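The following pair of complexes shares a single chain, chain A, combined with chain B in the former and chain C in the latter.
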Partner chain A sequence: MATTESTAAGIGPVEDGSFYNVDNPAPVIEAPRKRTRKTPKSTRGNFEMAAWLFMRLSGVVLVVLVLGHLLIQLVLDGGVSKIGFAFVAGRWASPFWQVWDLLMLWLAMLHGANGLRTVVNDYAERANTRLWLKGLLYTATVFTILLGTLVIFTFDPNIR
Partner chain B sequence: MATPTLDKADAAGAPEPGFADSPYITVTLRVRRFNPEVSAEAVWEDFQLEIDPKERVLDALHKIKWDVDGTLTFRRSCAHGICGSDAMRINGKNRLACKTLIKDINPAKPITVEPIKGLTVLKDLVVDMEPFFQAYRDVMPFLITKDTNEPTRERFQTAEDRERFDDTTKCILCAACTSSCPVFWNDGQYFGPAAIVNAHRFIFDSRDEAGEQRLEILNDKDGVWRCRTTFNCTDACPRGIEVTKAIQEVKRALITRRF
Partner chain C sequence: MPAGTLYRGREGMWSWVAHRVTGVLIFFFLFVHVLDTALVRVSPEDYDKVVATYKTPIVALLEYGLVAAILFHALNGLRVIAVDFWSKGPRYQKQMLWSVVGLWLVLMLGAIYPVLGHAARELFGS
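Then we have the complex of A and B:
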């Protein structure tokens, strides 16, 4: 087995002078990833499909809701300077804006959380990392949705 | 060119100085080498070659293996883009070494050659393809019919029905698509584009009767829904299969359950 001088350090013929033999075998190459007959466990149910569809549908609705929201809050009628307690109180007196904001809150939070869930799935490699990141994500999502919903429904314009 | 002629071997050794219009140019091949019996680390090794730019990267690798360093290890069988053995990462892009001409990949700079990513490297450019083929087997890539009797006549199919899945019949299982997929790189649990392409080939075949079963398999949490439509697979496919489109068609079939 001929090699030349261009051979880099650490690479060379292994036939002669190998320090591996029956008693001292070469290290086993651990596969960093496995896909075998047993893994991944097959899952039944349409959750992933529902999540995928939800992302598309909620995205379309959110374009209308969020752009409308930004237009009303920041552009029309004096822009951001008009926003105050009275402005919010006036808007939430109408069920239409209550529903608008509620829908925007739920869709945006679930859309964002699901997006982050897929990011965690794609980038976190260890099961434990995934568990913790998703736990944190779901906790934050549930907390924000519940708090926001509570505020929209129990908002009291006469608070002092 | 499978067998080197004597001319070639001479030219590789010493380009004749008298010929100004010699077709040979000097290229540097930067090969990512790994030998687990010597070192746990992979290293880049440069090889300088005199080669006709109209030759292929595979010819350059042959030249190295036959004339320079016989320890260089890579897979190839037919060397003509049919067997799908020599998919590798050339200049950062998954290609078949036997279908990539030197002149097409800027020979002025060193040409990097690496094993495909996401699969365990066994030695130099050879990877463990087992996870890839396991995903392939999992989608049941064979004709399934409810009628268990031996057929007595040909299973007829109209030209239009055949056209429906024509694109996905071209797959040669080289793993260029699956090993270019960033979702597959993460943990290798995703079925990968190649398995989905081969499921598509039977799901949309009018003669096959297990489309529903295959769709259910791909409805898995590591099935088609992990596709992020980054189009790496379509770019990588040496057969020009519209891989991402096939995956999207499987998604659509799953939602509408019509195929």
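Then we have the complex of A and C:
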């Protein structure tokens, strides 16, 4: 081990470009996780990124929808005291409030479900526990979204 | 345990904790709220009967708590978005948290009369 010539892995000669040349090329080091023909195009997918972005986009919209909802239901015009079947019927007579409530239902449920999915992933350590908690979460979420949607679309002010 | 090794967090950690706790609470309320509203498909009487319990003083206090949770989650959520998307967001995250807390306090003071007023009138007479 005398000079740079004998240390092929030497750093100095590589950096100043004097050791390797066209006739003596540096060895190719294979990437630790090389992409082959069998490797899928994307190994992870973009789901988590999409979920992260959805939380922020839906969050901004929900700030407007939910705070407006609270203002109407709990503050204006007598607050909670005025709420009753007649009040609901009056509001859902307008497509504007139907769309408002439908959008709020979907966005809030999906926002909350994804938040709880994160919580389950963080704290439930056993794979089986995670599976069951998320199964319960998704079942309850789908049920509640469908029920709420059905109620908004089939509301009948003259039910009795 | 040696002294001084327990991470107690600061503004960043505690706002994260509060965001998580309020988020879970709001989500559980949302389930109940969709179910109670679904009673309008059953009958006006059943709906009004359940909503009548929402007008009692105890539930008024719960509603005030719900408003507190939603307002914090909304304002702090906007702060999280600013931290993520605004180039100077991470640098000003503490200042933004104290702005959130200040605005939250003002809004909560403003919500006392509208949300709790009817309960006070019922308890202490008008």
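To be clear about the criterion, the second predicted complex is superposed on the first by the 117 of 160 C-alpha atoms of A that agree within 3 Å, B and C clash if a C-alpha of one lies under 4 Å from a C-alpha of the other, contacts with A are read in each partner's own complex, and residues count from 1 in each chain.
Convention: a residue touches a chain if its C-beta (ideal position, glycine included) is under 8 Å from a C-beta of that chain, and two chains touch if they have at least 3 such contacts.
Quick caveat, the model's predicted, so the values are computed rather than measured.
**Student:** Pick one for A:51: touches chain B only (first), chain C only (second), both, or neither.
**Tutor:** Once the two structures are laid over each other on A, A:51 reaches chain B alone.
**Student:** Please work out whether A:70 is in contact with chain B alone, chain C alone, both, or neither, and reply first, second, both or neither.
**Tutor:** In the superposed model, A:70 contacts chain C only, not chain B.
**Student:** Looking at A:109, would you say it contacts chain B, chain C, both, or neither? Reply first, second, both or neither.
**Tutor:** So A:109 only meets chain C here.
**Student:** Applying the touch criterion given at the start, work out whether A:83 contacts chain B, chain C, both or neither, answering first, second, both or neither.
**Tutor:** second
**Student:** Where does A:121 make contact in the superposed view: on chain B (first), on chain C (second), on both, or on neither?
**Tutor:** first
**Student:** I'd like to know which partner A:96 touches here: chain B for first, chain C for second, both or neither.
**Tutor:** neither
**Student:** Using the touch definition from the top, say if A:159 reaches chain B (first), chain C (second), both or neither.
**Tutor:** Second partner only, chain C.
**Student:** Hey, what residues of chain A end up touching chain B and chain C alike?
**Tutor:** Shared contact residues on chain A (touching chain B in one complex, chain C in the other): none at all.
**Student:** Flag every residue of chain A that touches chain C in the complex, lowest number first.
**Tutor:** It is residues 56, 59-60, 62-63, 66-67, 70, 74-75, 78-81, 83-86, 88-89, 105, 108-109, 112-113, 115-116, 119, 140, 144, 147-148, 150-151, 154-156, 159-160 of chain A that touch chain C.
**Student:** Where on chain B is chain A touching in the complex?
**Tutor:** 33, 35-41, 43-48, 68-71, 118-122, 128, 131-132, 134-135, 182-183, 186-189, 216-217, 219-223, 225-226, 228, 251, 254-255
**Student:** Looking at the complex, which residues from chain A come into contact with chain B?
**Tutor:** On the chain A side, the touching residues are 1-4, 6-14, 18, 20, 26-27, 29-37, 39-40, 42-44, 46-49, 51-53, 118, 121-123, 125.
**Student:** Spell out the part of chain C that touches chain A in their complex, as residue ranges.
**Tutor:** The touching residues are 20, 23-24, 26-27, 30-31, 34-35, 37-38, 40-41, 43-45, 47-48, 51, 54-55, 60, 63, 67, 70-71, 74, 77-78, 80-81, 84-85, 111, 114-115, 117-118.
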